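One chain, chain A, links the two complexes that follow: it is found with chain B in the first and with chain C in the second.
Right after this comes the complex of A and B.
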């Protein structure tokens, strides 16, 4: 009898986790219903989509789209506020934003691709960093949802980085030079076609790894937190102090991971651009940074 | 340089296993997709898997050896 209840509860907890993490056609909002003070699901409007080259493009709002729009709105408001109050000495929010932007420009961009290219690509790197970090953090706010825990979202982000990396490489090296860099120097001629294929696969696999890494990291932490909370309902209230303590620990870890993953995404995008842009005159700088060539 | 640099040096090695798997999986997926396109089952799937494995090992060792070089303090590149 008891085992059966636990099994049903396990099913319910599993459904809850799935429901919480997957995209949906409604958002949960607090205080929207008198019966459920804790919250209530509100349906999202359906918008007409269209066909583009045989592919159906959906424009309807979903939970994650709303969260992304919210992130974009928050960022616009932040930038507007910072821009308005900009004095000679930044204070408050402007100070924080300046510190982050300087960090991205000087430590990430200049470290990986040299001072000249860094100025060019810093705006994109700042945009990705702030957007990803905001999306990640919105997922940690009650009633929020992690848009970066959706494979479609991270795939799109990685695809944009992919386009920028190829654009930067072709612009710097030319089409021929770009193809030539795919064969590492000093490779015997019979190995060259294989190395070309291996490196060509790398061109696609690197953004793919960016996409999977962000998605998996954002999803995993949330699954762990929700499972810990779910254990209370499966094993009984006696376990609550332990799971809540672990849950809080995971939550704090998630705060760190939210920043870390945004940083890693930005850093690796910058690194891949840097390998193409700074690679052929790397000797001019000290070591062209972190040497990570994967 | 700031605090980010040590982390930046470590970051590429944190998920070296994930990157290896991603290379392998992208080889397999590419092979399967081309198979479906050109109707050459199962040859391109096999070729893609082998290529994915080769690329995975190649990039894995490239990263690991660059780490070893830095730790030994030797000049980069050789």
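Right after this comes the complex of A and C.
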């Protein structure tokens, strides 16, 4: 009898976790319903979808889309605050944002692709970092949801990085030079076709790894926290102090991971651009490991 | 599993949101921010260069002033030396002149004294002659008149050896 209850409860907790993490047609908001059991779900407006190449694209708002819009709104509010503090002596939030932007430009971009290309790609890297970090942090706020824990979102972000990386490579090396870099120099001619395939695979593996890394990291922390909370319902209130302590620990860790994963995504995008851009410069100036050193 | 499904709608929304955000943030945030940073870097570099230049200028001016001061000090020392030498020379001359004058005065005084003494001696001598003559006249009143007495004495004096005559 008892075991059956626990099993049912386990099933319910699993459903709760999945429900919490998957995208949906409603968002949870506090004080929207007096009925406790009905939850705090609020339905989202329908928008007309369309068909594109046999794929049905629904434009109706979903939970993660709302969170991304919220992140964009927060970032624009941040920009509004930053712009007031700009000047020769930056004030307030401008100071903080400036420090992050300069870190991205000087330590990430310049370090991986050299000073010239860094100026060009810094805006993209900054936007990526701030967007991802904001989405990550929104997921840690109660009633918030992690848009970066959605495979579609991370895949799109990685796809845009993929496009930018190829664009930077072709721009720097030319179409022929870009194709040539797929066969590493010094490879015996009979190995060249195999190396070409391996390198081509690498071109797609890099953004794929970006996509999966961000998705899995954001998902994993939430699964752990929700499971710890779920344990209270399965094992009884006696376990609560332990799971709450672990939960708080995981939450703090998640704060760190939110920043870390945004940094890693930005850093790796910059690095992949740098591999194409800075490597080329190294050949030109006969200066090996020009980009990777700084 | 629902978690692993990719929703095309989400992809499109992500694209729209991210591209708009990229455009807006680039225009409104990153460009002005990096512009402000570049402006600040420029200002700092310029300030440093100006400070460096002002420092060099002031050092040059200081060196010039110091050189000028040295020259003036040297000139002053030379002038002082010249003045001292001149004054010493003048003092020596004055001293010499004073000494010469003193010597002159002393010698003139000595001559005067010699003169006076000689004159006194002559007078004493004449007085003695007068006295001796008076005495002799007194003794020899009768036998000789005054003129023959004077002749006798004069002859006697003349007969005295030359070196005794003036004493």
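Here, the second predicted complex is superposed on the first by the 277 of 294 C-alpha atoms of A that agree within 3 Å, B and C clash if a C-alpha of one lies under 4 Å from a C-alpha of the other, contacts with A are read in each partner's own complex, and residues count from 1 in each chain.
Everything that follows uses one rule, which is that contacts are C-beta pairs under 8 Å (C-beta built on N, C-alpha and C of every residue); 3 or more make two chains touch, one makes a residue touch a chain.
Bear in mind that the values here come from a model prediction, so they are computed numbers and not experimental data.
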| task | For A:22, select first, second, both or neither according to whether it touches chain B, chain C, the two together, or no partner. | result | second
| said: Quick check for you: in the superposed arrangement, does A:263 touch first (chain B), second (chain C), both or neither? | reply: first
| query | Between chain B (first) and chain C (second), which, if any, makes contact with A:213: first, second, both or neither? | reply | first
| First (chain B), second (chain C), both or neither touched by A:201 | first
| message | Output check: A:88 vs chain B and chain C. Expected answer is one of first, second, both, neither. What do you get? | response | second
| Just chain B (first), just chain C (second), both, or neither: which does A:106 touch? | first
| remark: Chosen between chain B and chain C, the partner touching more chain A residues is C
| Touching residues (chain side chain B, partner chain A) in the complex | 1-2, 4-5, 7-9, 11-16, 18-19, 22-23, 25-27, 30, 51-52, 54-55, 58-60, 62-63, 66-67, 69-70, 76
| note | Within their complex, chain A touches chain B through residues 103, 106-108, 111, 194, 197-199, 201-202, 204-205, 208-209, 212-213, 216, 260, 263-264, 267-268, 271, 287, 289-294
| Which part of chain C faces chain A closely enough to touch in the complex? | 2-15, 17-18, 20-22, 24-26, 28-34, 36-37, 39-40, 43
| In their shared complex, at which residues does chain A touch chain C? | 18, 21-23, 49, 52, 55-60, 62, 64-65, 68-69, 72, 75-76, 79, 82-83, 86-88, 90, 94, 97-98, 101-102, 105, 122-124, 126-127, 130-131, 150-153, 155-157, 160, 219
